[in-house]
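What follows is a short report on a single structure.
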Amino acid sequence: MGALEKLTALGLVLPEPPAPAGAYTRAVRTGSLVFVAGQLPMAGGAMAHTGPVGDGSRTTEEGYAAARLCALNALGVLAAEGHDLNGVRIVRMTGYVHSAPGFAAQAQVVNGASELMAAVLGDAGIHARVAIGVNSLPLNATVELEVIAEVS
Amino acid sequence: MGALEKLTALGLVLPEPPAPAGAYTRAVRTGSLVFVAGQLPMAGGAMAHTGPVGDGSRTTEEGYAAARLCALNALGVLAAEGHDLNGVRIVRMTGYVHSAPGFAAQAQVVNGASELMAAVLGDAGIHARVAIGVNSLPLNATVELEVIAEVS
Amino acid sequence: MGALEKLTALGLVLPEPPAPAGAYTRAVRTGSLVFVAGQLPMAGGAMAHTGPVGDGSRTTEEGYAAARLCALNALGVLAAEGHDLNGVRIVRMTGYVHSAPGFAAQAQVVNGASELMAAVLGDAGIHARVAIGVNSLPLNATVELEVIAEVS
């Protein structure tokens, strides 16, 4: 079963990212590496998850869902850039988790991104990972995800 | 018009970075990639922009100026390392914005770096970007910028 | 004197990292680059340094020790992945320092990682560096370190 079939089996639809605009773009390829711009938990053009995890308003589970959505959006960018997802390998992901003071379960939040990549790409989705807590993110997002991928 | 002429037209002078010292250095090349060390908004050897954006002391516009200065310093490092800026392509930039709680306009701040790269390098300045908020930075800087470039 | 002898001379033992488990792994190689997953200041399976620097509980010196331990763990991962440390070059390190508000000496903290790499690997340990302050880290760690290395 290919990556797109796996997405369908998970009940997910590959999102169409906005067209690149302005002084930066959604992904840059250099050699066999693709650096994907930081992805936010947006769906249908709107931010789906805002605010910090750990202060009583956003749970770890909601953070997990936000991270998963960021990963889905990263796959959407890779596909929109013309890469066959069956030939994509995830090299490294950094998950920045908007965190209330004292929150320490960033790993569980970023699992939402990691587990989606593994579910969709199989062994090629197994990556080196960095999970970080931050006090703020653009548009008050709950998670931001950076993906470095290898393409064939 | 070359990159250096564009800098002059913008009224900017390429800064001379301090010589590398200690256990790390200002840039490392591996293959065609150059990883530039984190750049702070320093000018003439002094920190030009300190403190967080969003708490009433530093405006988004001041953050933009800080990010632009970080980008200028990154170009200074690339030139000092012997790279002709006309052969440099910016692959990815991560802008860390020193942010007061609740500040959410990191993208507008990091635009200061992105737009300078596009103004000086043209299409080769169009990069993948990550904009992150953080609660603190070295020397109380307002912005720190990491640049990964491709050289020919 | 090789890297392992230098470690011994420093009184250090290369740690054995836990086996990779789950949806991500401890390092991924792509071409000649190895992206090591974010390393925490763990020793013997337990977190050795927790809490922020700069609030009166953790000193800069304790942060330095935490960063040094992260770097040792990164070397442990590289060795466990089968890389001869004498053929490893450190390209870039990002040190995320769990920081109390107002703490600004992240560079001195991350020196703990930088100086260990230089002590063990010599010139091949001299890297581009990014030092960042953050309000929280996984498991309340004091430092997290990301390493990108080049292997021959």
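Order of writing sets the labels: A, B and C. Residues in every chain begin at 1.
The rule is simple: contacts are C-beta pairs under 8 Å (C-beta built on N, C-alpha and C of every residue); 3 or more make two chains touch, one makes a residue touch a chain.
Computed from a prediction, not measured in an experiment: that's the story for all the values here.
Trainee: Which word fits the touch map of the chains here: line, ring, star, complete or other?
Mentor: It is complete, because no pair of chains fails to touch.
Trainee: Since chain A and chain C share one sequence, what rotation angle in degrees maps the C-alpha trace of one onto the other, as a multiple of 5?
Mentor: Fitting chain A to chain C on C-alpha positions yields an angle of 120 degrees.
Trainee: Are the interface residues of chain B and chain C largely the same numbers on each copy, more than half shared, or largely different?
Mentor: Mostly different residues: under half of the interface numbers shared.
Trainee: Hey, how far is the Cα centre of chain B from the one of chain C, in Å?
Mentor: Comparing mean C-alpha positions, chain C is 25 Å from chain B.
Trainee: Residues of chain C that touch two or more other chains: which are they?
Mentor: 31, 94, 134-135, in rising order.
Trainee: Mind listing the chain C positions that touch chain A in their complex?
Mentor: Residues of chain C touching chain A: 20, 22-28, 30-31, 35-38, 94, 96, 134-140, 144, 146.
Trainee: Considering only the defined contacts, which chain B positions touch chain A in the complex?
Mentor: Per the touch definition, chain B meets chain A at residues 31-33, 54, 89, 91-94, 99-107, 111, 114-115, 117-118, 125-135, 148, 150.
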